Amino acid sequence: MARSHSVRHQRGFTFIALTCFFLLYLPMATMVVFAFNAGTTVGQLDGLSLRWFRAAWENDRIIDALLRSLTIAPIAAVIATAVATMAALATTRTAPYRGMSLKVAFINQPLMVPEIVTAVALLVVFARIKVWTGYTGLGYLIAAHTAFCVPFAFLPIRARLETMDLTLERAAADLYARPWATFRHITLPLLWPGILAGFMLAFVVSLDDVVITEFIKSAGQETLPTYMLGQLRRSVTPEMNAISTVFLGVSIAVVSLFFLLSRKKT
Amino acid sequence: EGELNIFNWGEYTSPELIKKFEETYDVKVTITDFDSNDTALAKARQGGNNFDIVVPSATFVQIWINEGLLLETRPDQMENFKNVDPRWIDVEFDPGRRYTVPWQWGTTGVIVDTDIYKGDPNTSSIFLDPPPELVGKVNVVPEMGDVMTMAVLAEGGKVCTDDMEVLKRVHAKLVAAKPKWVAMDYGSIEKYTGGDYAAGLAWSGAAMRIRLEAPRFVYGYPKEGYPIWMDNVAVLKSAPNAENAKLFQNFIMDPENAALISSYARYANGIKGSEAFMPEDMRDAPEIVVPEEFVALGDFSPACPPEVNDLYTRIWTDVLK
Amino acid sequence: MAPDSPAIEVMDVAKAFGEARALDGVSVAIRENEFFTLLGPSGCGKTTLLRLIAGFDFPTTGEIRLHGQDIAGQPPFARPVNTVFQSYALFPHMTVEQNIGFGLKMLGKPRAQAAERVNQMLALVRMESFRTRRTSQLSGGQQQRVALARALAPAPRVLLLDEPLSALDYKLRKEMQGELKRLQTETGITFIFVTHDQEEALTMSDRIAVMSGGRILQVGSPRDIYDHPRTRFVADFIGEVNFLAGTLVTTYGTAGRVRLAVGGEVQAGLPDTAPPSGPVTVIVRPEHAELRAPDQPADLRGTLDQVVYFGTDTHLHVRLSDGSEFVLRQQNSPGGDLGLAPGAGVGIAFKPGAARVLKD
Amino acid sequence: MPTAAEIATLESRRATRMRWWLSTPALAVVFLFAVAPLAVIVLYSFMEKGDYGDVKYWQFSLDGWFSVFFERGLFDDSIGIAQAHVSILWRSVKLAAITTLVTLLIGFPTAWFIATRPERQRDFWLFLITIPFWTNLLIRTFAIQEVFRNEGVLNSLLLWTGLIDKPFQIMFTDLGIFLGMAYVYLPLMVLPVYASLEKFDFRFAEAASDLYATNSRTLCHIILPMTRPAIIAGCILVFIPALGAYVTPRLLGGGKNLMLGNLIELQFGQARNWPLGAALSLTLTAAVMLALLVYVRVAAKSGGRAHG
Amino acid sequence: MAPDSPAIEVMDVAKAFGEARALDGVSVAIRENEFFTLLGPSGCGKTTLLRLIAGFDFPTTGEIRLHGQDIAGQPPFARPVNTVFQSYALFPHMTVEQNIGFGLKMLGKPRAQAAERVNQMLALVRMESFRTRRTSQLSGGQQQRVALARALAPAPRVLLLDEPLSALDYKLRKEMQGELKRLQTETGITFIFVTHDQEEALTMSDRIAVMSGGRILQVGSPRDIYDHPRTRFVADFIGEVNFLAGTLVTTYGTAGRVRLAVGGEVQAGLPDTAPPSGPVTVIVRPEHAELRAPDQPADLRGTLDQVVYFGTDTHLHVRLSDGSEFVLRQQNSPGGDLGLAPGAGVGIAFKPGAARVLKD
């Protein structure tokens, strides 16, 4: 029997890919292992224990920062995904119109500017607003996160829309569905994978942000990344590994759940 | 009753201290971190952040005062002021302590792994002209002020000098030295203990924490001269909770409380009698208690004038390009 | 609504996309209960016309009436017109049942009533056993039937079908042609059917409109279009045809005598508006001519060039004296062979009424 | 009763209105919280620098812009091209370019691998790619450090297998930066390339193979050209953030050499030269925009919409 | 290489995808210079067989020989076999010229030589004026010709064509059929042609293999397949056919007499391996039967049910006494009308040799 020849095979690609996956998970694995470290430093394994999980759990500042991150990220990601979805709808599925590519470029603008620049600009602007209005709540962080999350949500949603068959919506309209009903029953369910991808990207990006947050946070508005940035001068305690491990576990669970659900659907 | 918002360096504030303060005065304390004097200043200057207390380094206190950002809380009239070491009362940046209270102070020196380097650690040539065994193993903290000051002193200049001849030599020295460094990082403990760095420019407290983990490391006071610095607790003019902030200033001048600060971050604190409450290992630690023969070599860092900062920046940028 | 007004009246409709005119002054009236077919080559504007009727697009000029009423202002969801899309456009996230019930749901029909109607439709298209399948698990023919049921469920007054059979294979297409015709007869709904397959058009339609370049060239019954094409384009597009150049020498009533350029004179039917004389083109359908032995009387003579076997028929390509080709179509007999080899001299005789003068 | 033409214009107006309604929230959010504040940066770039950071308000000066391109000699009054900036820019561009290349060299085969899995497995592999990115960037970077260190996991592993006999210095080297940045930006390359490869019609590859092209030549002549738009999209998504990257090069590269992001940060921080920082940022932004514009032009000219 | 060995020999080849057997023991020999057609319904394994020959896939069991040589180990790029894909698979990022030259470039042909060959090919398919066009700017028929030229350029010994015409519209398809046939004759290359269109298969092929369910049911010339189908499936798939149940009462030589279930007795041809007696199925092609007036002698009687007009022909659906339907195909005459309305009683007479007993 001859060895099967396939155009889907490229020499070395599987090796590179598997190596890539290995390397991708090596740091994660290291992190998880050190989270269970009994010793005090991150670099050396001195037996296993749960002490850092306990320490993290008892460290009010870490828990506080974590909860704040988990407040900002979902809100910013939801808003960003919502407005990005609307904008994506407005910039696809029509013949290109004047100003369309401008709109697209505009929405993608936050990608083009180094973070530090946006950070300084927002620091100045928001400070004025804080002084004028006296409001110093989380709103500023949420607004800023929303803005830089928009392009990350916009890109996958728009990509999905671009390949979506327009006749399905026409068919719905033909079958007496008013525009909103068409959107709810046809567009939205079909767009859902794109929206979820956009949401996930936005969520991750918000969760990661440090520079902009560092500049515009008010008193008591530490997020997990800014809290860690503060630790840069000293050393990373294994508490961070513990927190991250828990977080990783939770995200794997959430994402798995999403994949299982979406698989059942189609 | 009430709240207190502290704006401080990351990992610098003892949780025990805060807990004690909260329990004593029934105040809810929130800590927010900054990672550089400049960010802190920029944020405070723009305003609107609700911070009550800020902890600038000595070099920045004058700027904060001049910019009108600080409340004149008159710590010198506070109950616990009597505990302040006289050495830290008539300081140049806040003569007589009308605004600020000492938080911690320390020195910037060098640290070296004696397993690798057997020579005299008390010299800045550890990083400015590393011996062959240290080449490629030196870490330098990425603080322009500390590095430039150390280099200027090594070249025989004065702190904040604008002497072009000295600066020329400083520039040449740094340019020559940089390739021999492995990193410019806030060297975290495990980088040293783990063998990534064998020597470096470091702060005293950090050096001590490293030594506690790996006794082969020693802290050196460069004989060419080294900077002394102090971080200070001040109250912002815009503080929403100024009264609680004053309570805090007074609170940390109590030796027992000051000792809590030091035992967490491992720097000295400038409050007389606090040593008694410190852990054993700090009372005679060579990093904290400057040995007699090196005391005179220390130079307290002032804020350099803008023109000098400008010069330093250009040299710094050129070195790092 | 006038009781005997046409189902759809398209009145001088034009549609331009930028510079390009997809439709260029189309007028046609489609009768109630009619199986009306739009036939034409790719890009002639068939889909565009359907889209205007369905309301997906708006005419640049002109008017479209539905049972006498101008429907210009009505969006698609307000028109009692449904469409079977070329690609079916079945909703991939719904079952067969949900697809069929979608229109009813949107119309706000009570649930029980809708369910009953869905059952009726499933029975009509013989898909009862597939009700809970996802549409991606259906074969092409099955998908086509679901699309049909979906469009029929809300009981539209007019059904638009855009090349619904073109994606199917030959055998299945034949079958579905029969089903479509049956459904149309059973439901009595007006069908407007788009195709570029002339045989499909001829077998299924009550009337056909032949389109080209955004215009309707001719409207008529299949027989009318096939036997009396008015223009060269229509003659050529519908079925195969032989064109012969000639000169009209005499006319009497509906016929005349034409002297052919290849030699000889034939009698030919004249169009209603025949040219009194001069150069004309005569058309003869391949099946309207018969092969003759060289020594027998014939209208044309030539040599047999190529014999193409078809199963049911055989095409005989005869080379005429001026080098042009004339094709004859001859029904095959069981096992019967032609008995002629390419190269043989042959005569061609036209059946009575076979030759017609084209209007041109 | 409106005429057909009127209805057509009415409809197109309605569509236009709808498009504006839909895009307004996104445009507003981006405008208010990302674009408009940049006006501050533009303004700052034209003001005199403050003595201790910030600017002197309404004292206009071109010093910021001047210093982007020129510098006075360190120790004399000569004026020359800003060598430091040029070399930092060059270094950053080089770093971003190599990072992009590394990401591509790893990301393309990985995307290929996922796209050629049986359909039911693809989601799983894609999911594996995204999981690490749910962990915070800083933690990820620290974790990478743990792997790269001389006594880290990777070196231990290599030493244990006997492939090397003394630790291989990755930390604080450019290699470390490239690998680390590639790690951080990998999904931005893999996702668009995968999206394109997944849609790629392998019949084109079979056609090439039928026409005597070996698999590697099929890759070069058919697959790469046909997936070019996605590859370029991925490269842009990696290149731009890499150009302004700040945290990762600082941590993994040991911070010895300034990158554009660090240079800008330095101006807003220790250097206390906000106008220069602002002018540098604007220069960077303009350069990025220009590069994109050129790309769009070139892409449009070279046949526009390729397959994939 | 044996000089007179077949171009392609498929020897007991099977191909399984998991559980499903796409090919199930296929053996066939395709001669040099032959126009060989694979005909069968969707999913019968036509594409699979082509892909095995081209080398895109490997047989699960069995062997494929090219001019006598086993080619099992050769990847596609090593086989002197080229393919015209159903979707054409023209490279969208190359011009017409570059597409055609691709194979030559991959073979490492000198540039000048390749350019000349490309020119030849452009001339062959009459696309000289399109050489620098992008393939996306071509019409379907033009694309088809480029695909053909691209596959012919490297002068393969065998050309595989997978439904190359199915994407074209009716008129264009007819035209391209002619061109393909011409090219095959001119180049003398062995063509293996896949289609599910029986008419296409009948007009173009030297020999046809009818496939179903992964097997080859019958191989033969178009006439052979059409007139002497061996199985019910082949009879039904190729053309239309009437099936009549009956009992074989006597046989003499190659014919016999069959008593039909609907009444009456007819003479019918027997297959080579006829059952000596018992229940049989008789087939009659619609065009092999003629309508008779009710009072004339006839083989079958019934009532006219439906008249379907075709342009060239008319199908007459006659309802027989047992309720089954019998279809006659009658060539149309110019303007001639049948003169019969549905419901009329009619007789059906078989032409001599029309009825054949099926092997079943």
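Points to keep in mind about this one:
Chains here go by letter, A, B, C, D and E, matching the order in which they are written, and residues are numbered from 1 within each.
The rule is simple: a residue touches a chain if its C-beta (ideal position, glycine included) is under 8 Å from a C-beta of that chain, and two chains touch if they have at least 3 such contacts.
For each chain, UniProt lists the protein as follows: A = Spermidine/putrescine transport system permease protein PotC; C, E = Spermidine/putrescine import ATP-binding protein PotA; D = ABC transporter permease.
Everything numeric in this text was worked out from a predicted model, so none of it was measured.
Hopping across touching chains, the smallest step count from chain B to chain C is 2.
Among the remaining chains, those touching chain C and also chain D are A, E.
Across every pairing of chains, the maximum count of C-beta contacts belongs to A-D. Ranked by separation of Cα centres from chain C, the top chain is B. One finds 56 Å separating the Cα centroids of chain D and chain E.
Chain C and chain E have Cα centroids separated by 25 Å. If you average the CA atoms of chain B and of chain E, the two centres end up 90 Å from each other. Among the residues of chain E, those touching two or more other chains are numbered 56, 75-76. Residues of chain A found to touch two or more other chains are 7, 42-43, 120, 124, 229, 236. Residue numbers of chain B whose C-beta contacts span two or more other chains: 39, 42, 191, 194.
In this structure, the chains touch in the following pairs: A-B, A-C, A-D, A-E, B-D, C-D, C-E, D-E. Taken in their complex, chain E has these residues touching chain A: 55-58, 72-73, 75-76.
Contacts from chain C toward chain A in the complex involve residues 54-56, 75-78, 81-83, 85, 87, 89, 91-93, 102-103, 106-107, 150-151, 154. Contact residues of chain E toward chain C in the complex are 41-42, 140, 169-171, 196-199, 202-203, 222-223, 226-227, 237-239, 285-288, 308-313, 329, 331-336, 351-354. On the chain A side of its complex with chain E, the touching residues are 1-5, 7.
Chain A contributes residues 165, 167-168, 170-178, 181, 185-186, 189-190, 265-266 to its touches with chain C in the complex.
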